[in-house]
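Order as written gives the chain letters A, B, C and D; numbering starts at 1 within each chain.
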């Protein structure tokens, strides 16, 4: 049963050093506030899984908290590179980064298998590519009916999945809409799930297409964090801060600048409200 | 691209003798009108797939049009037996019926594999049961990562899937809500799909939870047939005719009574409007 | 027998009502319950309307957290969708929810059960040439395999409680009681009938008589069981239905009859 | 060159515009197109706003039939969800829609391409010790495998058109041009650059120069290609952009720039 608590409590209670965590959200609803809280609490030696590492993992990697990255596309969407990610892979700064690299289809199948209680997922994927020779969680298997060879990917079961959603009702049921990516699967695949939400409502009410409801009893903790996905967006509540994504390119490109940004906007803020005030997006 | 046409045209154009057809709908939205039209047009030697054969396949089987039944639960929900189905299996009347028998989970995985372009689906199923020794479309396979043994089921790819939905918009996009069962998967697994709808609308508008949209271009033909799911129901448009399900028990139990019912309500009616008027459910 | 029971008039209830009440009591509040139509649905909704208001009912039609106003006649009644917290597809309900290991209790019934809790709902006689063709598996095999525990509800009759089932539709502890290879859940934890409660022996896994409903004798149960029935030494007696349980059950059933006759 | 082209002022457009226009023209109305961000999205939306109003755009974020008002900056812009016929999950878009064989054309780009249309978007240098780490696969490997045909859009440069890609992220016809075992789609049917169009030779599957954009010479293309480039004997010249194509593209891009600067 989902407990309504502060984000700081949820991260302290549920995220441990050495955990495999998935902070999901496909461009939309990326749970940045939770990542910042993980940085504030200096959870270390993390394996972090996400289809698109995005700025959120660029920050975690740059902060030196990540041991291993499980992913499928690591760029700054529409802008360019994730420079902290590249610095880790290309130069081992701030330390070496282990990779478990897939395609989107493979990552989606891995979460789906995890959610469905299966040890692996089957898909037509990776054919003719060099990924299987570098990624241990890819294998092949033959169809028992036709003999055809297909790809298999190992189920992904995070210790903790964190997502940001639009709404939670008084009973703790979570509602989200718009582009919902792999969030349902990532939550159901995980041992524990933390959800940050824009709003607590009496009754869930979809504000757009593709309404997804997660019953209270599959969520471990819910924290009300309006704007908790900035610079990503929550459809019906906020718009994407495209300028932030553009500006990140120069912040992230420079180790010193990144360090200053992290200190000022994350370490020196006591929580998301202070962060939002500082980036000029008070709500 | 979905063409708006009459149900009679859709069945004549798309359903052929010897086809594998799936008329899906899980208690809700069962496409009875389409089955009646298939009977009127005397399409023969059919393989019919459905999780729950329900009255709809009891009628097709009793009408002598079915060679093989692919299914997982063949009862009259809340009432008892499907007597035409039983008569075919127990006594070979009106002729022998070949069975391809699964559990619901297995059938769902078969349609899902078909929709996803895979030759088979993987699941934890059939463990310790006698089903695999009678059903050729069940096999086992080992996880390439853990060695664990799991069930595999062959993909199910109907020649034609038929469903009933609440709405179609002017562009041919189909909208349905409420309990939607395996309909999306059954449509996407099929070579062709026929949809009967309650209403043609300017813009699709969900009248309940779980709104599912099928884009126009995955549907072959759409026919407006209000009440086309009677005695099943369409949430927001009609209620289940429970009395019909109860009365079916005695109609179906007796070969002669069934024959009279079929002649009077299906063969002698020129279409669904006449059927509805006759069963006293004019709309 | 508890104090509560002493306050009740005895035998002011049918053996079927006792069965439903006993099954309802096996559910704790907050449990997640995968429910079939008929007796299981009746018991689960009785529990929800009495001691377990936060029981989560999942029907295989894809309705999660349904709170039906009356008992559904079919697994896909509109009432289930309209009162559910979430409605999902059938592939999802079996994939993410049942197979995903999220079900605390699965309720099952069947036409035959054997001493190791294996269930038959497929066929009486041989599969290829059946004497009686039954509806078949539905969701049962995977409920039996994946629910953390399984509660079986059956009327106690010799033709139902058989030495060997004609077909294993849903596995209990296997034909020879060897266990449940490849299954996630614990299997049948109790079999609740109109006469008694059977539970598997922790060592042998054989169904053993552990509680009699009020007024029922061991001999009656033995006569209705098709194998030599083992009985626990410390045989309990089920508390009879309370006034509240009976009143709630009867009101639910009469509301249901009224609703479905329309 | 068609009559249309003769009516246009020559060179009143950039080579990038020519590339986008040529790619847009490769899409027929009603096609189902799996689109990535950047050049592919620009070309697909230009087609939708000119000759192919019923083009179905699918973005990997799960938006089916999106009709964005401006070019999305990210694959998950709200505009895509709000204008889509249907929005589904990421597992579903890759499972039922791409892998299900429902995509007519997949658009791809990359950092490197070789003569057999194999694409690299993973790494320059060795995988374990890269000179330049690129973003990686995203949806590309399965688009390359499953779309009925693949159109590749790339700026023509010697460091991009290489003898051998450092890493095969998405398969064209294989490192040795041996074919596409296990793939459903036909593979790359054209590579559209800012200089020309290459298409695979029907026999050898090697990318062959088949059309030059107006004003471009074979020598220019050869100089920008890292392998000895085969050229068709009947080399075509691409029709230059029409006024309508140019005006539509420029208006789309200025609306886009304006929207994203907010």
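By definition in this document, a contact is a pair of C-beta atoms (placed from the backbone, for glycine too) under 8 Å apart; a residue touches a chain by one contact, two chains touch by 3 or more.
Bear in mind the structure is a predicted one, so any value in this text is a computation, not a measurement.
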item: Selected pair, greater C-beta contact count between A-D and A-C; value: A-D
item: Whole-Å gap separating chain B and chain D, where each centre is the average of the chain's CA atoms; value: 41
item: Cα-centroid distance, chain A relative to chain D, in whole angstrom; value: 29
item: Where chain A touches two or more other chains at once, by residue number; value: 116-118, 123-124, 148, 150, 184-185, 209
item: Multi-chain contact sites of chain D, meaning residues that touch two or more partners; value: 86, 95, 99, 146, 184
item: Full enumeration of touching chain pairs; value: A-B, A-C, A-D, B-C, B-D
item: Residues of chain A defined as touching chain D within the complex; value: 26-28, 51-52, 71-75, 77-78, 81-82, 85-86, 89-90, 101-105, 108-109, 111-112, 123-131, 134, 148-150, 178-182, 184-185, 208-210, 212, 233, 235, 239-240, 242-243, 245
item: Chain A contact footprint on chain D (complex, rising order); value: 37-38, 60-63, 72-78, 80-82, 84, 86-91, 94-95, 98-99, 118, 122, 127-128, 130-142, 145-146, 167-171, 174, 180-184, 260-262
item: Of chain C, residues touching chain A in the complex; value: 30, 32, 56, 64-65, 85-86, 95-96, 99-102, 146, 184
item: Chain A-touching residues of chain B, taken from the complex the two chains share; value: 116-124, 137, 139-141, 143-146, 148, 150, 152, 154, 209, 211
item: Chain D contact footprint on chain B (complex, rising order); value: 1, 115-118, 171, 173, 184-185, 188, 213-218
